[in-house]
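Structures follow.
There are two complexes below, and they share subunit A, which is joined by subunit B in the first and by subunit C in the second.
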Partner chain A sequence: MASVQSESNRQSGLQPQIRQEIKTPAPKRRKINKQKVAPYLFVLPFVIVFLVFSVYPFVNAIIMSFQRLHGLDDTVFVGLRNYKQLIHDPVFYKVLWNVTRYTFWTILILIPLPLVLAVIMNLDSTPYKSFFRSVFFLPVLTSTVIAGIVFRFAFSRESTGVFNTWIGHLGIKPVDWLDSPHTAMFALVVICVWRWLGVNMIYFLSGLQSIPKELYECAEIDGASPWVKFKSITLPMVRPITTYVLTISILAGFSLFNESYVYWGASSPDDIGSTFLTYIYKNAFGQGEFGYACTLGVAMFVIVMIINFIQVTVRGLFKED
Partner chain B sequence: MKARKRISKILTVILLLLVSVIILIPFWFLLISSFKPAADIFGNGLNIKLDFSKMSFENYMKLFHVQDGIFWIWFKNSVVITVIQTVLVLVFCSMVGYGLAQYNFKGRNLIFTLVLVMLMVPGDILLIPMYKLVTNLGLMDSFAGVILPGVVPAATVFFFRQYAIGLPRDYGEAARIDGAGEFRIFAQVYAPMMLPAYGAMTIMTAMGAWNNFLWPLIVMRSDENLVIPAGLLTAMTPYGNNYDIVFSGSMMSIIPIIILFLLNQKSFINGMTIGGIKG
Partner chain C sequence: MKNKHNPARKIFSFFLAFLLIASFSLAGCGNKSATNKTSDGKTKLVMWTFVQQHADYWKDAVKTWNKNHPKEKIDLKVNVLPFDQMNQKLQVALNSGNGAPDIADIEIGQFATYTKSSTVPFVDLTKTVQPYMANLVKSRVDNYTFKGKVYGLDYHVGTTVVYYNMDIMKKAGIDPSTIKTWEDYTKAGQTVKQKTGKYMTSVETAADFVLDAMISQQHSDVIKNGKSAAAQDKNIKALQMLHDWVYKYGIAKKAESGNQDNEEYFGAFNKGNYASVIMPEWYMSRMVTYMKNLSGKIDIEPLPVFNSGDNRSAGLGGTSTVVTNQATDKALAKKFVVESKASKEGAIKQWTILGFDPIRSDVWTAPEMKADNQYTKYFGKDIFDKISALKNEIGGMSFTSSAYPTVNDQLLTNTIPNVMKNKVSVKKALEDADKAANKKLTSK
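And then the complex of A and B:
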């Protein structure tokens, strides 16, 4: 944010001179081409889509959250009833707990592990880099639905399923993976780790490559050990990337839908794998409770914004360059 | 010292190979499952046994037979949606990004702030009002209903803006003196300079559109309008007898994107390291 500000200041400081220089020789053109109008036309697509597909639905979501809907257009204003229902809805707390746990685990795994891999991939001595990079990147090309289908049948409760075969080798009895709370969460986190490991590694790699080599050389002259170099150069230098990865992980975690839907459809047994979005989906398209579904959406929005706010404040994003 | 270096090199390779194997295993599952009778997988779960006597190309043949080859209709839908959406996203987002980067105008900072805010808000919270909106616009069960809401994503605008802000303004000024109009300056001077950005975003957008699931699932109602991921999931419901095409269909849907990736690795990676991280 800060850099954006300074950039624009710099440019606006420069612009008047240039503008004056060219104002005289530039011939008069159709209005549409005028330098003053043109930028508005350029940004118009964003403004239109923003108004029609973000602002309007957002206002509508808030209105609908105070309504009961029988079908889409037959609405009754019910005041705070949906919100009261929300506060007393055990499933709401369950999905909140589910996505929080899910986000926690994915962050816990998908920040350190990719960082370590990126450090290894950034060493001059590591061979076959482009091969490994391609392999690590393959999962992200795969649709979560297809990945989900594969994992769903790998997590089969039958003893012949892949995971049960594997734990069978360790002498553990077959597990009904998708039917008990802890293994269900495990099954969700596994897909996420598989799919995003390579992506996060590439984010970190791009951060590492922008660190000036001289920093490490200076540290070496001072006799710093590899661990000290990692701790006092690498970690601080990849902080902006970490913030970015953290932000998208939180967004992705709270918006989890596909994997849960592939595993269980819109409702999992005892809601062990339900998420905000599967619960919204179930309320709207399963039970026709469009009003309550909107209330859930508003709640999700508020929660994500609170987390963003805390994150930004704690990490001091606005102070950074 | 040399020996130590060699050992550490071997250890790194082993570690990286191990991670690679873990990443590749699901693809291997998918590949061998696509040759197996689906009843076996649905009954016994996915297993890794290679039983060549049971394996055949039958599931691939069924892609043409099940419901008169409905899989290829889904495939066609996915291609059409992906192509149209990608073209529109590139045109609009590059325009917006360019406008935000290369001009000073009242409201620019406001619009750019809105773009940044949109990056931090999960768009899916608007699922229900969007559904209502698309219904009221009469766009349900249509390609337009799937495509239109996602035609100017904030992340892509942000990427183009970050790219365009690094481009010198002198070229535009020179063209202006020569009497070029603003849109010609964009199309003939700056768009060519943004080619790498177009490359990266083509692939990222196409990948996103190709794999998109939730929104098409809601908009598309009739069987013959589904896209591949949603179609494959309906093939898994117990009513239809379409089990057999789930795994072969999955293979067919990841192959195009993997080929695209192998041909354009660099742009792909560039697309991931969205230039904005530095900003």
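And then the complex of A and C:
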């Protein structure tokens, strides 16, 4: 009872003050509103740009994937026809297989190799570290197109091409690199490894440098061998980096375009080097089939989402990060 | 702290925010200015092209136009964009009905993608071209004619010829002018290979200029009634010949990088690795630029034929100039484009500025064609004497049929690479191409 009374007393005691505040509320209320509204205002430019340049085209692409589209005034809704065509399109499966293989190889090479390099670069005993770091990083600063043209010449079918000269020293006959499925894939993976090795190495290096030295010292006291230290300290500690590199590798692999385009243009012989994007490009800008190109885009989106979902779930099952 | 409520500052920040939003939202509206006249009364026209030399041609053309038409002066702005980028931008602009230039260059292989729409996004030039028709090479106008209407004019004919490296031909003891049929050519090739160890020519695996030339000179085509018809006897004969040069007679090898129009190939030809190359007239510019060793050593001859009555040449490659349906002053743009391309004065410039064989064959005998320039220095003064002889034998194909991109893609992606790898018979490869292309065409 006592407490209730005192509370009511307090309330009544406060009453005049509140009233006063209501009389002159302007500055305070505006301040509160401002604080509430300000964050939205700050993110508004991003939201608008995102809506206009990402969500709208995305939604529109899905709509267009159900249309036959040859210009503004020539749009016909064709239902699932584009999707039926997609299912029966042998090139679709070919490009899917190409990018899958490409992604597989790039992941297989571009995760362990940069990690090992990063470990070496992180050792105190490695000489000229900053020089080598720059050397490995340099390729990514060049334009893909220019590098691609150089590689295209290097992979020439002539015996004077760079790679053919090299294998010539081993007594192997000149190879027509860009004309058969396996060598074409090799050419694509080589340029990718050359280009991204340094970047992934830098990612891993930053991960390695954030591992506390004490962990290694403790392990040394316990008599751990370098391999055990690598396996039990380094690997688990760079896990978030590995996840990140894996995810961007999958995305980059499936959206491969530049390298394939400079090697072969939009159509490679027998589609040995065609990718999702070169095929979409060919359909849209080479043949004017914008509707079907959108269908391919939607298919690619779904496939990449599924793969990333699987990746996240599988890795999440083993450990909750 | 006081600053917070400083009204001047507030107004200033509002102003900044407004400016930011305005610049964002207006960035997309690159609309043409309300008036399309300059202060001195010239009509503003915008043109897009993907070749710097074409821009030079138009800058010169507008000077000529303004001199001849003082009452209808034009202020032409030419934008040169990379090939792919220009095409993408133009397709998007024409599809969306906004942002296209008044005049644009369209490569022959791209033209068909624009005529797929129910309404062609270009202005009909038929009536304006009519007075010049008699002198224009017909197959070149046909390329840009759709449903009876002319939509564009080319820069050149692309008369296809054989360029012989006379160093090698002399060594082999062969006079190229005696080569009349492809059979002669093959036999000569065997002699060349025997006596000099050099290849007679190259075959393309990623392009089809030579195949197209051979098909069109026999009056054949790869398209019939809007459908793929690659597996015709004459086409099989042509592709079989190319295949046999490599696998049966050993007189040709696959071209460096798969086609005859790239730097790697230029180097090889310049070194004297091939006795001849079959390419259109515009290949002269590649020779002059990239194959300096061969200056004065090249002989130009008509294409050999399969049967008598076949054409001894074909018009290959090309780029047309069109007036878009978004042009501000369509009538003026039409007159300007047609006059600059089809008038005598304009056609001669196609040679003097661009080094092309003009689309108007009556100027091929004009004295300007023999004037000194880098081409006459390289090939001699009788270039057009030789080309003029072919003027009624320039075959064409359905390059701009709406089915052509699909059929040609099939040929370049599957048929030719597989035939040239000796993986499949020519007949089967062409039949497969028809099947695949027609399946695609009917599903659209």
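To be clear about the criterion, the second predicted complex is superposed on the first by the 281 of 321 C-alpha atoms of A that agree within 3 Å, B and C clash if a C-alpha of one lies under 4 Å from a C-alpha of the other, contacts with A are read in each partner's own complex, and residues count from 1 in each chain.
Note that in this section contacts are C-beta pairs under 8 Å (C-beta built on N, C-alpha and C of every residue); 3 or more make two chains touch, one makes a residue touch a chain.
None of these values were measured; they are calculated from a predicted model.
Chemist: With the two complexes overlaid on their shared chain, look at subunit A and say whether subunit B and subunit C clash or fit.
Modeler: Partners clash after overlay.
Chemist: Touch test for A:313: subunit B only (first), subunit C only (second), both, or neither?
Modeler: Neither partner.
Chemist: Of the partners subunit B and subunit C, which touch A:282 in the superposed model: first, second, both, neither?
Modeler: second
Chemist: With both complexes superposed on chain A, which partner does A:151 reach: first (subunit B), second (subunit C), both or neither?
Modeler: First partner only, subunit B.
Chemist: Under the stated touch criterion, which partner chain does A:199 make contact with: subunit B (first), subunit C (second), both, or neither?
Modeler: After superposing on A, A:199 lies in contact with subunit B but is clear of subunit C.
Chemist: Taking the superposition on A as described, I'd like to know which of subunit B and subunit C A:142 touches: first, second, both or neither.
Modeler: first
Chemist: Between subunit B and subunit C, whom does A:232 touch in the aligned arrangement: first, second, both, or neither?
Modeler: neither
Chemist: Touching A:241, do we find subunit B (first), subunit C (second), both, or neither?
Modeler: First partner only.
Chemist: Which of the two partners, first being subunit B and second being subunit C, lies in contact with A:294: first, second, both, or neither?
Modeler: After superposing on A, A:294 lies in contact with subunit B but is clear of subunit C.
Chemist: With the two structures laid over each other on chain A, which partner does A:74 touch: subunit B (first), subunit C (second), both, or neither?
Modeler: Only subunit C; A:74 stays clear of subunit B.
Chemist: Is subunit A touched at more residues by subunit B or by subunit C?
Modeler: B
Chemist: After the overlay on chain A, which stretch of subunit B ends up in the same space as subunit C: 4-12, 40-48 or 112-120?
Modeler: The superposed arrangement places subunit B into subunit C at 40-48.
Chemist: Determine where on subunit A the residues touched by subunit B overlap those touched by subunit C, and list them.
Modeler: Looking at subunit A, the two contact sets intersect at 45, 49, 72, 153, 156-158, 284-285, 290.
Chemist: If we count contacts the way the header does, which residues on subunit A are in touch with subunit B in the complex?
Modeler: Residues of subunit A touching subunit B: 1, 3-4, 7-8, 11-12, 15, 18, 21-22, 25-27, 29-30, 32-36, 38-43, 45-47, 49-50, 52-54, 56-58, 60-61, 64, 72, 117, 120-121, 123, 125-128, 130, 132-147, 149-151, 153-158, 160-162, 164-165, 194, 197-199, 202-203, 205-207, 210, 240-241, 244, 247, 251, 254-255, 257-258, 261-262, 277, 280-281, 284-285, 290, 293-294, 297-298, 300-301, 304-305, 308.
Chemist: In the complex, go through subunit A and note every residue touching subunit C.
Modeler: 45, 48-49, 68-74, 81, 84-85, 88, 152-153, 156-158, 176, 179, 264-265, 267-271, 282, 284-290, 292
Chemist: Which residues of subunit C touch subunit A in their complex?
Modeler: Going through subunit C, the ones touching subunit A are 20-21, 24, 84, 87-88, 91, 94-97, 112-114, 116-119, 121, 205-206, 254, 256-258, 263-264, 268, 405-406, 409, 412-414, 417-418, 421, 443-444.
Chemist: For subunit B, which residues count as touching subunit A in their complex?
Modeler: Within the complex, subunit B touches subunit A at residues 5, 8-9, 12-13, 15-16, 19-20, 22-24, 26-27, 29-30, 33, 41-48, 92, 95-96, 98-100, 102-105, 108-109, 111-112, 114-116, 118, 120-133, 135-136, 148-149, 151-152, 157, 165, 169, 173, 176-177, 179, 181-183, 186, 207, 210-211, 213-214, 218, 228-230, 232-233, 236, 246-247, 250, 253-254, 257-258, 261-262, 265, 268-269, 272-273, 277-279.
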